[in-house]
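Following are the structures in question.
Consider the two complexes below, in which chain A is the common component and chain B and chain C are the respective partners.
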Partner chain A sequence: MSIRTKAVWLLLVVIELFILTGCWNRRELNELSIASAFGFDKKKDQYQLTVQVINASEISANKSGGKRLPVITQQLAGGATIFESMRELTKTTPRKIYSSHIRIVVIGEKLAREGIAPVLDILSRDHELRTDFYFIIAKGTKAEDILKVLTPLEKIPSNKLYSSLNSAQNSWGVTSKIDLHELIFDLVSKGKDPALAAIKISGDPEIGESQKNLDSVHPPVTQEYDGMAVFHEDRLVGWLNPFESKGYNFIRGQIKSTIVTVGCPSGGKISIELLRENTKVKARVNDGKLNMEVKIQAEGNIGEVACGSEDISNPETIKGLELAANKEIERMASASITKAKQLKSDIFGFGNAVHRSHRQLWYPLEKEWDEHFVHLPVNIEAELSIRQTGSVVESFLQKMKGD
Partner chain B sequence: MLENGQISRQQLFILVFLFSLGSAILIVPSAMALTSKQDSWISALLGVLLGMLLLVLYHSLGKSFPNQNLVQYSEIIAGKFVGRLISFLYLTFFLLLSALVLRNIGDFMTTIVMPETPIQAIFILFMVIIVMGAGLGLEVIGRAAEIFLPWILLLLFILIVFIMPQMEMNRLYPIFEASVKEMIKGSLTILGIPYLELVIFLMILPYVRQTNKRGNAFLWGGFLGGLVLSIITLLCILVLGWDFTSRHSFPSYTLAKKIQVGEFLQRIEVMMAVIWFLTIFFKLVLCFYAAGLGLAQLLRMQTYRPLLPPLALITVVLALIVYPNNVYFRSFASQTWFSYALIFGFIIPITLLAIHKLKKN
Partner chain C sequence: MRSIFKRNQANHKAKTTEQVFLKQQGPNLSKPTILSETLEIIRKNTGNSTDLIIRQFQIDTADVSIDAAIVYLDGMADSTTIMDSLLIDGKETGIYRNATSDNLIQKLKSSLLKVGDIKTITDMDSIHIAIFSGDAIVLVDGSAESIAAGVRKWSERGVTEPQSQTVIRGPREGFSESIRINTALVRRKIKDPNLWLETNPIGRISKTDVAIMFIKGIANEKVVNEVRIRLARIDTDAILESGYIEEFIQDETYTPFPTIYNTERPDVVAAGLLEGRVAILVDGTPFVLLAPALFTQFLQTAEDYYQRADISSLLRILRFVSLFIALFAPSIYIAITTFHQEMIPTPLLINFAAQREGIPFPAFVEAILMEVTFEILREAGVRMPRAVGQAVSIVGALVIGQAAVEAGLVGPTMVIIVSITAISNFVIPSYSLGISVRMMRFILMMLAASFGLFGILVGIIALVLHLCSLRSFGIPYMSPFGPLDMEDQNDNLIRLPHWLQHRRPRYISQGNEIREKSTQPKPPEP
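Moving on, here comes the complex of A and B:
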């Protein structure tokens, strides 16, 4: 290589150094306000956006003294569109909101009753948002109030909402995690209506938003999941109570684990912990009439025996318990179906099941599916198998009674 | 000879495979889902079968002139004037395709990864590499493909395996809901992108070392490329549902976003984007190389290399003005592109082949 070519190469390398740093759009952490939750409400004609912004310096582990709040909730009853209000927030926040880390979107009851579809478009269009956050509905209150409550066990309240939604679904089965993708899917498909987890505030919201809520051993204000919100198309039409919500989750096959409680013949109760659950929903045609078949299969262990007279060590007793538990599951499931039929909302996706297996039958029904759903016979069959009895077999209660 | 380098059959196979994936992997699932809904994967397989017929056509045309490329033998077949006109038209096709592919990667970067970066910056950076690659010649491109293939396969494997937990079989049903007409209309998408574009390999086939069995490598490359496209389409439907797939600009990227294995393996979509970068690189470099080589042959030049920088400038500008926005592109890709590509990918090649066979007899 001659000196000249070497010089040219060197020059090229130096120029590359400038081009290839690749930081055109870089945003440093100190230039961002990381949002952890959005809340949407409607005030008159305007959308009101509430954003929970993480106060990064308070979250860090080695903070030194100072009692500033871990999060700040900002809201603005701003523009006619949500995008407008989001940008308008920069008037009050020091930095631009960065929304990739959203965990939860709360929607106020009033907005939910008027229709949630308008707020969803921006959430799916903005490239910054991922689709892995969950939707919850503020029952009897505004989204704003839910997001204002400070939580003692989690520094970031939206993390509390997120993880308690997770654990309530995974170990109790009364809520449902629905992300943006699933929600839009439900809204678009004609044979299924959405159902979202509902949350309420217990206590006075005014106290909840101050430091007082963090100072007490027994926090006066908490957010609490309470059943589910039933939608028809994109409008809220009613609520499922926890019992019905469990039934809903049984039919949807979304139970990871839950407790089924059955009574002993002699009084007292036995709790069975479900560990596995699997549901098959099938549309069947008998004599030209459409009916649904729901088969719930579950496996569980005996978790608590609170009656002395039952002899758990007897296989016959176990069989009897299984039958009683089946009845109980069927009761929950049919309670949720009855409620959904009252509300004319096919939250179970029965319509989609018909579409999948009997599409010729589906096309004429498609348009007035709500009417057909109300009169749709549903056959529920639960089959629970008890596998273990925990670390003991017979309960010591039996011995005590015997003496 | 303008191009003295030669590639092996294996390299041809890899180049065809990567070429069929490039940009198609981003565009095809969405366009297909729009017409044939949850049956898109059937459409895709149908398109692959039809596409194989096209590849057989290209192969038999290439076989008739084992040591010459399209620009050279179109003059022999159709006479000096018409032949050169045809060659010229092909060069515009290659150049337009280069611009479209460049725009694809630019659009992808500016919508998903870096929305505030001017698209020109991405074009220019990408084009610099392309000029460099095309300038180094076919041999280097072939060897680069060999080096990158394992990585692309590895990433595809990761994508397919880790997305499996998110699949929902219900999304496929009812099968065969789309009518035959919709099914065929959907298959035209995959026929247009990439199969009709594979006509570019008529410029490259003569440089394959072993002329006798190169047909196999060509057909297998195209077939496996189409198969991967069908699998990605199927995954999009299983994971996202047809509705979501059709509404998203880049569903395969959204697919990668869905990967979530436990709490630790997630948000790896930008890593997956490496698949598109690499495959689009090979598609673009081959298009651009074919345009440069063909132009040099048409102008009877000794080397094609001086043509590359001006062609690159044209490509960058063309990519900027080739369509105004992505809505326009979606309707262009699904409605216009097929008939346009049909002229170059089917009508001209089959006419050339027919004339050649008639002349011989």
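Moving on, here comes the complex of A and C:
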């Protein structure tokens, strides 16, 4: 190719670049409505979609005084399918809803009881979604109401839901975050049923959606995580309370850190802060009978000593505390197993454990696993070791009493 | 590697240097023996130029009185010494009285003229060249020979600090416009007879002295020959700056990247020579060319070798980072904010979105607007008289800054992007590479605006392919990155301490690679 032809080609390409600028999926930031949360409800036989849209210019840092507009707006639309209702939204929103940045998906209790699977397909099919958002279930209310509430401190309510879900799991262990992939995996897998974090609203949601909720030091309306929602297949069947949720997390090995409280022999309480936790779930066959073995290993520090006469510098006392804590953990775990058995929902994935270790045994059980699960003996063994006692050894309470 | 020189040699059967350089218009006459005729020819050929001085005088020899003349250009030759010799010393020492009309020229040459550089010339062309180079011509009536005495002297700028490549630590001297001073500056750094210098005039009219300098035994003979051949191939009327030479002798003409290094610093030239490069010095400019040049060389500074190795390695890495920022920052911003919003962390996206509220242009137009404004400011800063320089900075701060944001033309993020790009661009030590990066940046911005990150990726692939296809005097431009040479990495992205740099760059000094036999410094034995 001569230089002249080369130059002509290059020129053509460059001209083309300018013409093609603005090809099909180019969009400027100010043409987007950034959605931060989706809520799904069922109203009669229609799906109702709630979208929390961020009002970017209100949230951005360089905003001078004057009257503040709400940081989010809520858009509602209904349709026979989710996709239909998403497109219905365009009738009310000025801009295209951009859903790559959603943090949370709330599903109303009514829809959850009917089955969540139809909702999930579009979420996994649509290319725009990033799949790193978490699912929560609105307990005793509609998703719409949960997404209505304005929150102090965290300006974007869905961010509040996202981060307090994170912190509740990481440092308290009473909720469980689950993203789209995990949820679909649980739904598809025969040996595990999903369990999702549950959220409830305290106070009147009508007040929660107004600026009034932010004007008070003590916000009248708050969203609050409250245990977990237990599913069987894709239907909500019951709830775990926080105590049972903690037990669930122990069995699933999802505890990052939590507090285990044990009583002192002499009255009062001692809190042990768990720092590491590791669980092994094994299916064993004894005399042709299947049973589960759950081994919980944990390490922790003494975080608080609220009893007078305990000498925690004594290794014997520490031993005693460890035993008491083990009992407590086992109690939590068995409480959650009892509840799950009542609801006939294998949220712990015991079925998967059987599948993994005893493949031959699993296939005949697979069909009626729910029934087998209810009668499955589970042996729980906790083993906590206390490493440190904090920055003091003896509590000053002891000295006070000593006088 | 061995065959890369063949292509050039095959295509251009080398003409000898003389054939090209001595081409003249009109026939070359030999000098007439009669003085008045000679002077007449000189007057005619120079159009009676007013700075041409012809001083005629008489010499009383033993037998007859002979007419003689000195011809020189006022302002280019120092005539006092030669005048002294001819008009005073000749009579006082009695040399004239001992001479005869036949051996007068011989006597003048051998015992009278107090000048070091003396040539005998017999043809008119040489006389002209000598006069216009600043020599004084001594003509004697009745002789076919004439004497060209080297008394060149004209006012020169002294050795001053280089303007373009400043250092904190390192020599402060820079080249000047005189080739003689420049060669001396290099010679002072390398005192070795193997430092060879070849000078030839280039340019039919300008007859500019162009010298090539290399160290015999270190420089690759093939490269030196290639330089000779390419210089000989130049047939133009004038060479006013080394940039002319650069354009005439580079390997690849259609590239934005410089394939010949230029510098104002004698220490850089000396270091290049010691690595086996060839220096090309051009009379009339302080910019000396070094070939072959590698891409990585344009991101190195003289100071890298004067500061401690760890510091200079970090600074080099910083420069590479800056290179990437200068190339890609605006295009990545455009691509991500218009195509890949899902890649931005949510809080940042919200901020970006808030800033873009009410901005009328797409991000690409916004970026082009700011970049072009900045380029205008920079160009104005370079061209403007020093006295008004301050005005540029004041206006510049307004145009690329808060005022532009408040006017609603651009978003604050774009101001930051353009500023960091501009500053990063200034970190690139070589001005010529900086310009290439500026051009590439605009192309990448267009690609980003059309195809997003995909476009940037295509741009990067094209850029890398192009860079890897370049050669500088047969040496792969991207070496030692590609072809990767692990041994040459001792002075590439990082600089190892001097006591570890045992070898010269392999691709440049082929055949004589051992530089030193030093070992790690140690404390004295107890």
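To be clear about the criterion, the second predicted complex is superposed on the first by the 374 of 403 C-alpha atoms of A that agree within 3 Å, B and C clash if a C-alpha of one lies under 4 Å from a C-alpha of the other, contacts with A are read in each partner's own complex, and residues count from 1 in each chain.
In this section, contacts are C-beta pairs under 8 Å (C-beta built on N, C-alpha and C of every residue); 3 or more make two chains touch, one makes a residue touch a chain.
Just so it is clear, the structure is predicted and the values come from calculations on it, not from any experiment.
J.: Using the superposition on chain A described above, determine whether A:304 touches chain B (first), chain C (second), both, or neither.
T.: After superposing on A, A:304 lies clear of both chain B and chain C.
J.: After the superposition on A, what does A:356 contact: first (chain B), second (chain C), both or neither?
T.: So A:356 only meets chain B here.
J.: After the superposition on A, what does A:215 contact: first (chain B), second (chain C), both or neither?
T.: Neither partner.
J.: After superposition on the shared chain, which partner residues are touched by A:32: those of chain B (first), chain C (second), both, or neither?
T.: After superposition on chain A, A:32 lies in contact with chain C alone.
J.: Any idea whether chain B or chain C touches more of chain A?
T.: After superposition, C is the partner touching more of chain A.
J.: In the superposed arrangement, does A:3 touch chain B (first), chain C (second), both or neither?
T.: second
J.: Who does A:130 touch here: chain B (first), chain C (second), both, or neither?
T.: A:130 contacts both chain B and chain C.
J.: Once the structures are superposed on A, label A:371 by its partner contacts, choosing first (chain B), second (chain C), both or neither.
T.: neither
J.: Check whether A:185 is in contact with chain B, with chain C, with both or with neither, and answer first, second, both or neither.
T.: A:185 contacts chain B only, not chain C.
J.: Of the residues on chain A, which ones does chain B touch that chain C also touches?
T.: Looking at chain A, the two contact sets intersect at 25, 130.
J.: Write out the stretch or stretches of chain C touching chain A in their complex.
T.: Those in contact with chain A are residues 254, 337-339, 341-342, 346, 349-359, 362-364, 446-447, 449-452.
J.: Can you tell me which positions in chain A touch chain C when the two form their complex?
T.: 3, 14, 17-18, 20-23, 25-30, 32, 34, 36, 54, 56-61, 98, 100-101, 103, 128, 130, 156, 159
J.: Please output the residues of chain A touching chain B within their complex, sorted ascending.
T.: These residues of chain A touch chain B: 19, 24-25, 127, 130-132, 181, 184-185, 188-189, 352, 355-357, 359.
J.: Taking the touch rule as given, give the residues of chain B at its contact with chain A in the complex, in rising order.
T.: Against chain A, chain B makes touches at 111-112, 114-117, 121, 125, 170, 173-174, 177, 240-241, 243-244, 254, 257-258, 260, 266-267.
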